[in-house]
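Next come two complexes built around subunit A: one with subunit B, the other with subunit C.
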Partner chain A sequence: MEIKYSEITKKYGDKKAVDGVNLTLNNGVCALLGANGSGKTTLMRITAGILDATEGSVSLDGRNIKALDSSYRNILGYLPQNFGCYKDFKAKDFLMYMCALKGIDGDFAKKRCKEMLEEVGLTEVQNKKIGSFSGGMKQRLGIAQSLLNEPSVLILDEPTAGLDPKERIRFRNMLCALSKERIIIYATHIVSDITFLADRVLIMKDGKIVADGSPEELIEIAVGKVWSVNVERSELSRIQARYSVGTIKDGDNGFVNVRIVSEGKPFEEAVNVKPELDDVYLYFFGEVSEDAEAD
Partner chain B sequence: MLKLIKYEFVKIWNSRISSVVIALVLIISCCFSGYQIYKCKTGKVVTSINRSEYPGGIVSNKNIDNFRDELQEFEGREEIYETDSAVENFYAGYVLKGKYDVKEDDLFEKAVTGEITNEEYNKIISGYNSAPCIKEEYLAEYFALYYPITVYETAQRDKNIYFENSERADYELNKRIDYSMKAYNIADNLEKGIYYGYDYGWNVAEGVFDSVGILLIFVIIFGLCGVFSAEYNSGTDSLLMATKKGKNKLATAKILTGIIYSLICTIAGALVSYLPSLIVLGFEGGNVGYSVTHFQHLADKSVSLILACCVISLITLCFSAFFRKVTSIIFCTVLVSVAPIGITMFLTSANNMPFDAGVLLNTLPANMIINSHQVFQQYATIFQGLLTIRTLYISLVVSVLLIILVSLLVKVLYLKHRIRN
Partner chain C sequence: MIDKQLKETLLLYQVEKPGSEQIEKAKQIVLKNERPIKAPYISAKRVVSSQIQTVSNWFWLFSLMFVFAVVYLSFKINNQLTTLFLCGATPLLSIASVPVVLSNIDASRMELEGTCLIKPQTVFSAKMLICGCFDLIVIIITLLFSSQLSEINIVRSAVLGLISFTASSFLCLGASLIFKTQVAISLVSALYAVVVACFVSMNFLSEKLLEIKMPFLVLAVVINSAMVYAMYSVAIKNYSFEKVAKRFGNKIF
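Moving on, here comes the complex of A and B:
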């Protein structure tokens, strides 16, 4: 299966939230990485068919998703970034309702609900009202809901937001276990989540895709641009203003070890280190003010 | 589809405003019903007959003379009248207990001839609009003759008034046609026969139902204002719109929910209005009434209420699909639904009705609810008098058209709304 974006642009007034995206997605997990406001959610909404693009079209296996209409939505699973729940519904009833909306009937619906509740670890609270749930529990219910119809196209907009570490790992394993015979689009700004999962990473910035490739390929971009150096603590703020600074580790005698992402060698004593995905993110988003660059 | 509708009802049921309003309306209508029944039971009602024990029947042109003859013969019998002392007892308070019913004319006669003093006469008249004179054991027999004649004469009088009005040159054509239709209708009834009899249960119920009808507007507006807007506000719309049935089918389900909700409201309204008074005051008398029997009234009224409620519920859904704020939805729906009442009142008071505007305005939903009595006995004339139809039929067509149009609009508004969350 293949989803193809051609010249997708979404404008809000004069602002382009998504700017001329051309892209083809194949089976596998595709992570969409980007800063706040970079247009991830907008692109996902367009993919889910709940938002019309100002220009361009999205097609599944050559057919426009708008023309496919309900048959496209039938194979779609979508977890919105901020979604609402029916506070007075019990978790189980909510999933049964989503089954009804997804056209899953009868015993199969019951079976799926039970399975999904187990998957996300909500079986014990299935008869509690959603209004009494914590943020993370709601998020898990949202994940459960998106998987009810065993979707071939799964869109997850920041699925791990609000999940505790244990649940985050559970989710990661769950996603891994899902058959690779589907397209999974996964928006996030948590880099560590995708290092394990993603077959492909897209970095989005100001509505444009600025990098595209497997995690290894992206890391390749940063090779030779990540530096490690020991500096005096007092110098830290000056360095931070001037370079994209990654991890800072405390050292001895008022020295600290900083990781800097920079095209050129920032200091004589700096040494090149092996880049990670975090560094790639910093490479694109660790913006340094122009003035600082100048002096 | 049925499942989707079921869940919509669950959502309505879960919403606090709708349950509060439903409970309030239920309480108000129970109080109203109770008060009317209480008034009836204690005899504080201004109608000619205040008991259930007289037999009903049919009166028509054919048998009216028999009734008159029999009544004359009956009234000629000496033994049926009360003695003076019993009448005095009556003054002392029998009436207030509702034990006697009387002939006012006789009382007047007695006052004129000096048999009773003017003071006594006034006392009785002010306390009760009749006075005693026939013994209790003869009352049933008496009313069996007296009542059909009264019914017949009232109908006859109405017919004459309508007929005279229909002849008046200073009236507009359509008004005259309306009157002549009514006169014809009554004449027809007089020929075929009019049912008469005890019908208190039905009478009271009708009054209650007319008032409950207005309250239904609020049950509908408050019940349905969140059908779309609550999804928008809580952010569930982004979930719904991405599911197979969450667009078109869900919109259809919501519209059907609105229609079924109106239906249920009307039926519940009818039950709440009719059952208490029928149970307490008796089920008999449904076929009583000239021109419109109680059964017919209930049927006509229910049809017009269902249609009007459907239209109002769809208008509510329309605003619910458009606005997010509940106050805006309620304000706009009330404005649009109730506006025709205001326009009608304005046009009537300005005495400036263009052609049949008044009649036609009455076919709009809110007017249908408050003017239902008028609506189904009214006729509208179109094409210069070439066609005269009952306004109920116009309402039917107008409502069905409105329902289709507004449903389409609701769908478009829902599908085109912008997701915010």
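Moving on, here comes the complex of A and C:
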């Protein structure tokens, strides 16, 4: 299957939340990485068909998703960034309700609900009201509902937000176990999720896709731009103002080891190190104030 | 059909004639890709039954209390005025249905419901249908009781009830398009109930009402129904995720 975006632009007033995105997605896991407000949710909503783009169109296998209408929604699974539900519903009832809306009925619906509750580890609380759930539990319920209809297009907007480390790993494994015969798009800020899961990473900035490739290809971008240097602790704030600083490690004698992402060599003594995906993120989003760069 | 089209298309390539095996293979590929493109049919009954559970218990409770109150009152004071008032007092039931209808106008929930097979517009309509039908049933019960006990002809009281039902539905839908909070919308409905009460209690007006010829009353029902339908169309048109999010904000839970 193939989802194609052509010239997708979404304007809120004068502001372009998504700005002329041209993209083709194929089967596999595609991660959308970007800072707050970069337009990820907006793009996801457009893909899910609940938001109309100001310009451009999205098509699935060459057919506009607006024209496909219910046929498209039938194969769609979507987890919104924040979702609301009837808080008086019990977890199980909520999933059954979602099954009804997704056109799944009878014994198959019951079977799917049971399976999904097990997948996300909510079997024990299936008879508790959603209103009493913690943020992470609610998030897991959201993940469960998105998978009920075994979607061919799965859109997840920050699925791991609010999950504890154990649940995060469970989610990762769950996504890995899903058949690859589907398009999975997920937005995230968490770089480590991507390293394990994504076949393809898109980096979004100010509504535009600024980088597109496999995790390895993206890491390639930062080769030769990541530096490690030992500096005096007192210099730290000056360096942070001037460069994109990654991890800082404590050293001896008032020295610290700093990881810097910079086009050129920041210091004489700096040495090139092997980049990681974190560094790529910093490369695109580590804002350095203009005047600091000038001097 | 597919066979013929495929054969013709494959022949366009001007290669040697495709065998039936190749055609079958190509057909399978086409059909496989075609698979997700057909959505199953969902009957209206299933949509409505899925929505019944989302209607708040308060709605059923309020409605039942209303029926009891009405039955009690019509036994207690049985005259034409009570019947008239009962016919007009249905907007009180619309007040009960306001939270039900409004509870669905929630952008964050629409974001979830809006990506399912059943359209959120259909969900919204189903909810309104449930409330409307229940209101209607309650009205019929109350009218049966009250007209038995007073001298007003049952057909006339039914028509009067329908006029009030359609007028209050129109008002409720309209108010839900203009106002954002349940309180404001309930107030509009309550105001309507008060107007009806005053109207009925003014003797000369209610006597006039009882003299109006039936065809005119029926005409009023028809006009009111048309107005409700028009208002419903506007409400549905405004019921998209984007518009609701703009009006109500993206509140959670």
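Methods note: the second predicted complex is superposed on the first by the 295 of 295 C-alpha atoms of A that agree within 3 Å, B and C clash if a C-alpha of one lies under 4 Å from a C-alpha of the other, contacts with A are read in each partner's own complex, and residues count from 1 in each chain.
In the analysis below, contacts are C-beta pairs under 8 Å (C-beta built on N, C-alpha and C of every residue); 3 or more make two chains touch, one makes a residue touch a chain.
On a predicted model such as this, the values are computed, not experimentally measured, just so you know.
Trainee: Which term applies to subunit B and subunit C once both are placed on subunit A by superposition, clash or fit?
Mentor: Verdict on subunit A: clash between subunit B and subunit C.
Trainee: So, does A:Met98 touch the first partner subunit B, the second partner subunit C, both, or neither?
Mentor: A:Met98 sits against subunit B and subunit C alike.
Trainee: Just to be sure I read the superposition right, which of the two partners does A:Leu68 touch: subunit B = first, subunit C = second, or both, or neither?
Mentor: A:Leu68 contacts subunit C only, not subunit B.
Trainee: Regarding the shared-chain residue A:Pro80, is it in contact with subunit B (first), subunit C (second), both, or neither?
Mentor: A:Pro80: touches subunit B and subunit C.
Trainee: Of the two partner chains, subunit B (first) and subunit C (second), which one does A:Ala35 touch, if any: first, second, both, or neither?
Mentor: In the superposed model, A:Ala35 contacts neither subunit B nor subunit C.
Trainee: Which holds for A:Met174: it touches subunit B only (first), subunit C only (second), both, or neither?
Mentor: neither
Trainee: May I ask you to decide whether A:Ser152 touches subunit B, subunit C, both, or neither, giving the answer as first, second, both or neither?
Mentor: Only subunit C is touched by A:Ser152; subunit B is not.
Trainee: Classify the contacts of A:Gly131 with the two partner chains as first (subunit B alone), second (subunit C alone), both, or neither.
Mentor: Once the two structures are laid over each other on A, A:Gly131 reaches subunit C alone.
Trainee: Taking the options 1-9, 145-153 or 343-351, which segment of subunit B carries the C-alpha atoms that clash with subunit C in the overlay?
Mentor: 1-9
Trainee: In the superposed view, which residues of subunit A touch subunit B and also subunit C?
Mentor: Common interface on subunit A, subunit B vs subunit C: 45, 48-51, 70, 73-74, 76, 78, 80, 82-88, 93, 97-98, 100-103, 142, 145, 149.
Trainee: Per the contact definition, I'd like the list of subunit A residues that touch subunit C in the complex.
Mentor: 1, 45, 48-52, 61, 63, 68, 70-71, 73-76, 78, 80, 82-88, 93, 97-98, 100-103, 105, 131, 142, 145, 149, 152
Trainee: Quick one: in the complex, what on subunit B touches subunit A?
Mentor: For subunit B paired with subunit A, touching residues are 3-4, 7, 10-11, 14, 231, 233-250, 419, 421.
Trainee: Under the definition above, what is the set of subunit A residues touching subunit B in their complex?
Mentor: 45, 48-51, 69-70, 73-74, 76, 78, 80-89, 93, 97-98, 100-103, 142, 145, 149, 155
Trainee: Which residues of subunit C touch subunit A in the complex?
Mentor: 33, 36-40, 42, 46, 49-50, 53-54, 56, 103, 106-119, 123, 240-242, 250-253
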